[in-house]
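Note that the chains take the letters A, B, C and D in the order they are written out, and that residue 1 is the start of every chain.
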Amino acid sequence: MILGVMIIPPLPTPFDSKGYLDSEAFRALAQAVEPHVDGLLFYGSNGEGVHLSKDERRAGLAAQSPTKPVWVGLMEETLAQAQVALEEAAALGARSLVTPPRYYESQLGTEGFLNYYRTLAETGKGEIWLYHVPQNTKVQLPLPVIAELSKHPGITGIKDSSGDLARMAFYASQKLSLELYTGSAPNFLGALALGAKGGIMAVANLAPKPYKMLLSAWQAGKIAEAQALQNRLEPFGRGLAAGGVVLLKQALRHLGLPGGYPRPPYGAESPAWASFKPILEEFRAEGWTVA
Amino acid sequence: MILGVMIIPPLPTPFDSKGYLDSEAFRALAQAVEPHVDGLLFYGSNGEGVHLSKDERRAGLAAQSPTKPVWVGLMEETLAQAQVALEEAAALGARSLVTPPRYYESQLGTEGFLNYYRTLAETGKGEIWLYHVPQNTKVQLPLPVIAELSKHPGITGIKDSSGDLARMAFYASQKLSLELYTGSAPNFLGALALGAKGGIMAVANLAPKPYKMLLSAWQAGKIAEAQALQNRLEPFGRGLAAGGVVLLKQALRHLGLPGGYPRPPYGAESPAWASFKPILEEFRAEGWTVA
Amino acid sequence: MILGVMIIPPLPTPFDSKGYLDSEAFRALAQAVEPHVDGLLFYGSNGEGVHLSKDERRAGLAAQSPTKPVWVGLMEETLAQAQVALEEAAALGARSLVTPPRYYESQLGTEGFLNYYRTLAETGKGEIWLYHVPQNTKVQLPLPVIAELSKHPGITGIKDSSGDLARMAFYASQKLSLELYTGSAPNFLGALALGAKGGIMAVANLAPKPYKMLLSAWQAGKIAEAQALQNRLEPFGRGLAAGGVVLLKQALRHLGLPGGYPRPPYGAESPAWASFKPILEEFRAEGWTVA
Amino acid sequence: MILGVMIIPPLPTPFDSKGYLDSEAFRALAQAVEPHVDGLLFYGSNGEGVHLSKDERRAGLAAQSPTKPVWVGLMEETLAQAQVALEEAAALGARSLVTPPRYYESQLGTEGFLNYYRTLAETGKGEIWLYHVPQNTKVQLPLPVIAELSKHPGITGIKDSSGDLARMAFYASQKLSLELYTGSAPNFLGALALGAKGGIMAVANLAPKPYKMLLSAWQAGKIAEAQALQNRLEPFGRGLAAGGVVLLKQALRHLGLPGGYPRPPYGAESPAWASFKPILEEFRAEGWTVA
């Protein structure tokens, strides 16, 4: 299936100030953001899915009723664990965005990588997307493994959050049968030029609008306009990446959105807030933020 | 409390050939190994604790009835998850061997590290030991953080599996109030010389005897004898480290012990087996193996 | 000064089969390549400048009489050594492309970086360009250091060979007063989209033509054409990068050009040749190669 | 030849405050330190050999007239460059301590490593020692390469400065025909236990005495005494390693020795001085320093 979607946020998962999952806030946040974007990713790189018990993970998804395309991050270590998570995602009609096993990854080998993704794809529980996010997983998905997996009909996309655009160039030149999405905002226009169809990026929780403008300009061949936006947006993407989910939630709260708090021991406030706040304010003044 | 124990295996967790937890084999393995060692670590660096559901983890521990000192590995991402695991370990009378949060570690900061360990220590549910195993967690526990945490009365030991003996030298020179254990077999005698009291090492599942001999020789001041053993044992430790838990289980099965299989997608056989098998056979011929 | 140049090769430095500098071949190679490109870089990332004695380095430059813009790579460890190299470059009317000191780099600090580049710039011996090539130097030039250095009137450009296009995005968004060039062929179009003006790339020794076509298409707003070329060229750039200067020289010899041999202990043949040769042949058949 | 030497300093190379080589200070420093140690290393990890022109390097050695065993560091990139340096070392009757080529190291391959060292060994210009110092060279000398090279009669020793004592354990267990020396002071006793014969360590420029005491205690089987010294010395070794040659020279000047200054752009003062100075003072009060 070819998607028309393009700018998607990895939605954070709100906890209350004591560290309990706040499913109501989670639903409210999704509903506040969804109208501004082209789809939603739950439990992605900024979604703290790995911070949830199995029951919480299910409860969080059960609170959602999205109308646009949906992805669910799946960051398990083994097939037995992944199959549980896969069924939950399928129940929501979502694609699963799957990171590789990581704790014993040095023992996985090419066969282990292939076996993991193929077995999940063969369950037929929704499409499988590859999720390359080495800054969190500390695992590299090798390019030949990705090329091999792309031949499987059940594996249909990739989100590459590494920001390493030589990888994007490889995916495109090999004409892999994968939807190509970047997870890296600071060099977004580079990813588009190299063949990405859009972005699944933390910035889209706060200010999807200018990224959609950039994408539209690019698609319309207005290169100078796209480059001007790219230059304008770069500090915003770089600043948010430096602070991660702690900063993202702080920024959402600042905008009056129900972003909640990170789960302890992660703290409520980011050391990157002081430098990020003025850019966020500037974007709000432009009418670019969600709220 | 000062422990008298010294050579402890991180017991593997047996799965059957279909990937189901085999609690009976787990109990049988523990009972087969325990007489040869000074204590047991469940769910440690070779214990695949991160491959278990919460229910499985509990069931695996419930099958055990050790009589020697026990540790349980705790490799969670947040305090909420860790507290569940901590209670299970406490129910077994075990010390908890705790790795730091890892997925969003870049956002944790010194305060996050301190908060995580101190909060667990303050629950009073058994002793907390620090567990530094960067080859799996990909996280570095900073030395000043360890020095700070060692001041807490509830934090009483460390297993350092990095093999970086400059760290061991630091722990000893600072006279930290921590029991010092290495997890690295290939340079075991170096760790002892630098102040480690013993080893919690995968090799102790297969052949604890010569490591105890080395330790005894060292403690008796028989340096030449200890060095001769160190040289003899080095290829064994290095070989097993290269293959990890996949190789360890294959070796246990080869010895006729109920080591079971790794959980898929991890495979049953290790590429390192061919070079490890002759050393294992040689150790068996010496009467050094558990079976 | 704003340059009009865009596609520039880092020319290899030919040695004969016994390892002696072959200045005649060096001159002949430069003369064979220069008509196809917009300028020349001597002693750059593929130029083995660090393999030359001071006398050889001078002799190699003395053999040249380029008519297009010229750069000379300067990869010294201290100011005393750099000043000698700087004078030689200035004598040729070249810009100096300067890597940071590397052997004791951990002791350099921000002040050391700034001091190094500023002192060179203040000699007034030609323009200084920053040269970021961490795959060879193993040193990261920090972004804030680059931003600071860009304020100096004598520091006028940067070649970034890291392929990390988040860096390119930063340079462009900060509107640094630097000519921006990429040294990474595999994601060349991404670099252009993010603000690079052109490329100083090893591929330009062999086949500058299609890269100039890509650049022209991009500048004319023919995005689809540029992307089609990017996809076609990606395996060529990736393949050459995998083999480095050893492969580059082997490819030049294959084309009948006087590329010579690497300096021993580097070998004459690259393990990457077998997979690179068919792409090179294909490019020759297209009429894309220099010879 | 089996050496009787054991504690050797990598002597720094003094520059005056303007950055000129100060050969007189170099000679005076060597003469001040030599009586306290078992030999001298010129142009080693703290010797700034890579900061010298060929003429300076020769002049620096020509100023020396050591009476104890001598090593000269050789940190070149190719055989042609290395052979020049090798002759200079041989003229002094020195062993050459040789780091691997580093700038294009990814293209070197096993054959290149072997070729480099064997070719130098076969010149017959003095013994060749392997020099593994990845913190500076950023190159790993693979263990199988070292094992292979150790079979060559002209290659007779290794200085391993990595501090990775699993490497030392490997050298010893394989009974390689190499003199084993560590370059890492903080875990010195661990290196001895694992088979090192002594240390070629920066600390030996400042305070060789307590390291000789530690070594004597170890050799006499006085383990408790050796461990007490190890614990006492660890902060000194760790502190000096943190500051490197900049700190070493500052410390020498503080002791009134002709250590001179680093070569610019390296600065005269280290950020690590404030924390190192009290330990140095304490060692001076003990009568442990050279002056």
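In this text, a residue touches a chain if its C-beta (ideal position, glycine included) is under 8 Å from a C-beta of that chain, and two chains touch if they have at least 3 such contacts.
The model shown is predicted, which means the values in this text are computed figures rather than measured ones.
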item	value
Touching chain A and also chain D, the following chains	B, C
Most widely separated chain from chain C, with each centre as the mean of CA atoms	B
Chain A and chain B: spacing of chain centres that average the CA atoms, whole Å	35
Whole-Å gap separating chain B and chain C, where each centre is the average of the chain's CA atoms	49
Multi-partner residues of chain D (each touching 2 or more other chains)	none
Chain contact graph, described as a line, ring, star, complete graph or other shape	ring
Pairwise chain contacts, counting only pairs that touch as defined	A-B, A-C, B-D, C-D
Residue ranges of chain A in contact with chain C within the complex	163-166, 168-170, 172-173, 175, 184, 186-187, 189-195, 221, 223, 226-227, 230-235, 238
Partner chain C, residues of chain D touching it in the complex	19-20, 48, 50-51, 53-54, 75, 77-81, 84, 101-104, 106-109, 111-113, 115-116, 119, 135-138, 243-246, 262-267, 270-271
